[in-house]
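In order of appearance the chains are A, B, C and D, and numbering begins at 1 in each one.
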Amino acid sequence: MPGNSFGNIFRITTFGESHGPAVGAVIDGVPAGLPLDKEDIQFELSFRRPGRFLVSGRREKDEPEILSGIFNGKTTGAPIAILVRNNDVISSLYEEIKYKPRPGHADLPYIMRYGYENWDYRGGGRSSARETVGRVAASAIAKKLLMFTNTIIAGHLKSLGNIELDTEVKFDDILCSKYSPVRASNKDIENKFIELVKKATTEGDSYGGIAEIFVENPPPGLGEPVFDKIKADLAKAIMSIPAAVGFEYGLGFKLAKMRGSEANDEIIIKNGKLGWKNNTSGGILGGITNGEPIILRCAFKPTSSIRIPQETIDLRTMNESKISVLGRHDPAVAIRGVSVVEAMTSLVLVDHAIRSGVIPSVKIDNKEAEIIQERWLRYKEACKPLEESQ
Amino acid sequence: MPGNSFGNIFRITTFGESHGPAVGAVIDGVPAGLPLDKEDIQFELSFRRPGRFLVSGRREKDEPEILSGIFNGKTTGAPIAILVRNNDVISSLYEEIKYKPRPGHADLPYIMRYGYENWDYRGGGRSSARETVGRVAASAIAKKLLMFTNTIIAGHLKSLGNIELDTEVKFDDILCSKYSPVRASNKDIENKFIELVKKATTEGDSYGGIAEIFVENPPPGLGEPVFDKIKADLAKAIMSIPAAVGFEYGLGFKLAKMRGSEANDEIIIKNGKLGWKNNTSGGILGGITNGEPIILRCAFKPTSSIRIPQETIDLRTMNESKISVLGRHDPAVAIRGVSVVEAMTSLVLVDHAIRSGVIPSVKIDNKEAEIIQERWLRYKEACKPLEESQ
Amino acid sequence: MPGNSFGNIFRITTFGESHGPAVGAVIDGVPAGLPLDKEDIQFELSFRRPGRFLVSGRREKDEPEILSGIFNGKTTGAPIAILVRNNDVISSLYEEIKYKPRPGHADLPYIMRYGYENWDYRGGGRSSARETVGRVAASAIAKKLLMFTNTIIAGHLKSLGNIELDTEVKFDDILCSKYSPVRASNKDIENKFIELVKKATTEGDSYGGIAEIFVENPPPGLGEPVFDKIKADLAKAIMSIPAAVGFEYGLGFKLAKMRGSEANDEIIIKNGKLGWKNNTSGGILGGITNGEPIILRCAFKPTSSIRIPQETIDLRTMNESKISVLGRHDPAVAIRGVSVVEAMTSLVLVDHAIRSGVIPSVKIDNKEAEIIQERWLRYKEACKPLEESQ
Amino acid sequence: MPGNSFGNIFRITTFGESHGPAVGAVIDGVPAGLPLDKEDIQFELSFRRPGRFLVSGRREKDEPEILSGIFNGKTTGAPIAILVRNNDVISSLYEEIKYKPRPGHADLPYIMRYGYENWDYRGGGRSSARETVGRVAASAIAKKLLMFTNTIIAGHLKSLGNIELDTEVKFDDILCSKYSPVRASNKDIENKFIELVKKATTEGDSYGGIAEIFVENPPPGLGEPVFDKIKADLAKAIMSIPAAVGFEYGLGFKLAKMRGSEANDEIIIKNGKLGWKNNTSGGILGGITNGEPIILRCAFKPTSSIRIPQETIDLRTMNESKISVLGRHDPAVAIRGVSVVEAMTSLVLVDHAIRSGVIPSVKIDNKEAEIIQERWLRYKEACKPLEESQ
């Protein structure tokens, strides 16, 4: 299998380079009968879009064109091809890196793998974060389809550099972080994050951060022993994101320092059903969803492109050299990364829900379609700007 | 795809339950011409075997039978089926959990997914760590095949509970940890780990821990953008292990707290070739191996089976109840987990090496076979007991 | 993907060589709750077994051992490993072919692909028809699971050499052909086939033949546009059988000589439902099942192993030579091939039925299990020896 | 796996409906360094294009746009997305079939599968032969890449209705059939085919036919036992084509009537190398290529869309009705089918060549690229109009 497809039944294939004509995705395995239009795609795309306050200066309208798979406002079961043209491209900024591979970047590994003469250095080519447009576009369909089981996914920025949100968060606030320029889930932390981002910009530096995702109402019983455990597929999905360097779910790495008698989540009756006391395992046990909310985190390294000069080698002379990466870059990829982690989570869940027969693989009937549409609208409404005093 | 296969070209399918007649694996996609015999499999299996000091009391000889794919001491290109019979099984210990799902275990999720009446509760059935026998058996072939590129994988226990090895480790010592009953890479930390394990055993409790893997001489250029990045496939592989709750590579979660100017690994000339200064990214950049040693870690939660009584629900009455898990269990699955993390790492690397044409997909010639055999013997010799004073 | 697995969700992996210790299969993706025991497997295996009258003299009991995936008489959702030991093996008969590749055989292509020194020449190794034991064993599970939709598959030998059955056949008689030593669906044609087989045996020659399969009650709507059409997946499945050289469905190659106005199957009301007048397209339109019986045919070449001496090259000298293939071989592989074509058809249908959600992917409830068991017994009863005067 | 992708390593995903905005394909797994431009794609597309003499009246320019994966005239290893806009669409012709499913068409099966309300009836939607544009576009890349091993694929129309070419054909003439409006490989048979096509057009009827493919210089040793035999993958590929109803290779169905002593292809020394006397098995033995030319055939049924009125059911009333299919249709899909069978053959071969390491999976060096380009130009030149007197 070549590497540009993801998923088993709900399967996306992305294409496109940062400075090529377009990026996009083909989404196959979408059941017929799902209400879908361009605005649904646009809605999710708008939250990863560069050009918003405080992130990359590149200004892309990111208007998706749907090329196939929709008829009379509903999916037909045929693959859905989505195209987003690249418009705001300034390749000249990249002439220097043609000879000076950037520290922390995929430049040199791409050269090692594909050969120097086949390396599309413009804007990072295929390794650019712009590639994630296809993922997020596809995730709009995944998220909408997950309304079938009333499953909702929301993410926020848990920490940025050394600033970490340590209070508990409400799911509704996490939804609202979509409108925060730093994906913060409350105004206090938003202010702190913004300050740090400004500092980074001023200093020509960048920060790492941690994205955290919550999933409400995940269907229980998802995950296929023994290799396609839901935790394994989530890990792969999320670690495939540019700049992702760590993954954990539930208490994650903290569990490695704990004792079984503290860590084990005891089984209780909750709302008249079997449930778990503390959800220490983040909704996943034995690699299978247990019905508790899924909680997971992804560590992002700091943006590799920084203005501060760094050592590299000039490939023409093989001499030591310095590079100061100009271009227009996010001071913290983790911010925009939240959207992408959400997206990858949705792709895994919808794929497993179909594999397990929880969401139909072939068609959705009219009644179900109406319920999905209703829930989708409620979800969009629930995503609204954070209020000042919460 | 059902969930019991792993890998794209070098592909394993495991089968078997803890208390069924046997466990095993079919390994497909092994090129013809690789020297292989039962002892090669046995060698790797011996390091995950229960019955060794301080881990699970279950005493399995774990003698593999090779059923196919070998002729005259070499692989033929046909699938290799390996069978390990289950001998030392005491199912009676599991009668209680038939009605009392264990906290932290897959019991209840399996029931949710497959139905109560289809649940093989004996020893955890398919969710038992015994399933990993097939993985480790397969990894012997993967590790041997990786000798083609002189790539060697070694793992040790980085931390157990709150005890963490904070000195630098040498690759040779990590290899020697194979013979340590707690997978320690030096005698000092071994003693501390042993003490903690004894404490856990006495108290009927268990501890979490972190396994760390180093890969020497990984071929550069492995990893397929954009979803089958090497970091993504490693994450999936490792998070598919029972009790794995977190994954990171390079500096991992620490990077989330750092600034780009600290975190970025500068490019230098090293031994006359392009290289990286600090290997902060653990041998992987842009999801592609860069030739530096691969470094990764897996967080294991504490063994869920503990003697200390815990709350659960009796499924017959749906009343609150207590369970004290008897059976014979490791006080820290992380110890034995090291072997399995090594195994999964080897499966990913060999699969990608074949996908990228670095290791031949169809056949290995006699000359190459000899070199492989030589390196394999050297590797086995390098794995020797830790010395007292190091 | 290596080549020893078949199917997407219901997926089998076979292993084993003709003269190795065993052959077998791992079947993954079987939902939990299907009643299954050794006798179910044995039933289907008995109809492909060598040692029966008129086919290969090799006498294998073909007793399957189930190693995993069953608990209390039902499947658990875990992979089912089935093992059949090779007992009646006389490798000495194959010493000659070690140097003289047999015309019409896989010997030379295997040598070309895997290297001479890695070639398991004993009994054809992996290329032996014995490999199909794993397929037929797996098909017992597939066929039983298809009872969920009351779908029944039956095959017979349509022609042998120039002798062709040209009368219409009843589905019940096709089922009965299982007990015919030449897979004939009536006594008249049986006698003619037997005579031809005897002639071939006497002359040391062999004959080709055509297997024909009928599927009753196939679920409508199976098949995934545009590459995984049901006709495409059936073609692959069946053309993967040793000695298969042609595939067609419905009127097949005859359609190439027809006009649209003759060939098109008109749409009518049948039993109160939409249906087709003549089933010229053998139950498949647009690559999707339409609910009419599926009809397909597979052309088998004559057994390549014949006693009549044939030209080959002696690999030691590279000189012209002759080979007379001794061993114990079927005078017409098409006879035993019928079982295997049935088997491959069942694997495709059950896989697509699960993919399309017509058969559940995860579990079957008790009620459904009972109905399946009932239908299975009725099916086994319907397979009975042909009567003399029909 | 959803059904719109094909191939394991060289993998295409097609999208688009007959009357939607566009059709196209994403091709993944193309090694870096292959010289490629729009004209290469256009060249192959031009031979399947409707609007040419005697085939469908629909006039599409079929101009491909390459959206990704190319940089400086060479592939980069990234997926190549190709888009072809639909321009000449007259959906009004299809209003009638909205209620009257066409005999021989996918209309009713699509309705059964996806639901009436999700059925894109315009021009057959996804089931239209227009879908094959993506396949043929992708095949240009496959064919060019096969120049690495100097492997050339050519097809012609072997028979149309009852008219069959029974003389031997030269490979060069088959190449030239590309320019024949009826894919004939000599002028005599061309005239006969044309006459028949005209007759069909006049009568409002259609004819079936047989496409035959020859592959020169196939790499020996391709094909993966036991399920991914080259014959199995070719069968699937070709039977996935709309209107394909039968597949055979070598002597195919004729072998079923033969004796082993006639059918077996004896092994000889040919040009100083091991070879086969008669190539009765069409270049494939044991499911593996043996180096002899591959020969295969695909039976196409007559075009289902005919003007002659046929019985159907009016879905509004469920009463019997008649339909005369207007639209603009080929009088014999087999003619245009030749291009598509060629295309599918090329996709299988290139995929297996990469899987077997015969063509590199990651990159092609400059020297190899030059040789490929040279051979490609020679191939294009060899495809020229048939001469009058041959």
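Throughout what follows, a residue touches a chain if its C-beta (ideal position, glycine included) is under 8 Å from a C-beta of that chain, and two chains touch if they have at least 3 such contacts.
Source: prediction; values computed, not measured.
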Interface with more contacting C-beta pairs, comparing C-D to B-C: C-D
Chain of greatest Cα-centre distance to chain B: D
Centroid spacing, where centroids are CA-atom means, of chain A and chain C in whole angstrom: 46
Between chain D and chain C, distance of the C-alpha-averaged centres to the nearest whole Å: 28
Computed distance of Cα centres, chain C from chain B, in Å: 39
Residue numbers of chain A (touch at least two other chains): 1-5, 8-9, 14, 77-78, 113, 126, 221, 225, 356, 362
Sites on chain C touched by chain B in the complex: 1-5, 8-11, 13-17, 20-24, 26, 28-29, 32-33, 65, 67-69, 71-72, 74-81, 83, 113-115, 117-120, 122, 125-126, 362-363, 365-366
Interface residues, chain A side, partner chain B - complex: 1-6, 8, 14, 101, 103-110, 112-113, 126-127, 131, 159, 161-162, 200, 205-210, 220-229, 231-240, 242, 244-253, 255-269, 274, 277, 281, 285-291, 299-306, 308, 310-313, 318, 320, 334, 356
Contact footprint of chain D on chain B as seen in their complex: 1, 9, 77-78, 221, 225, 355-357, 360-362
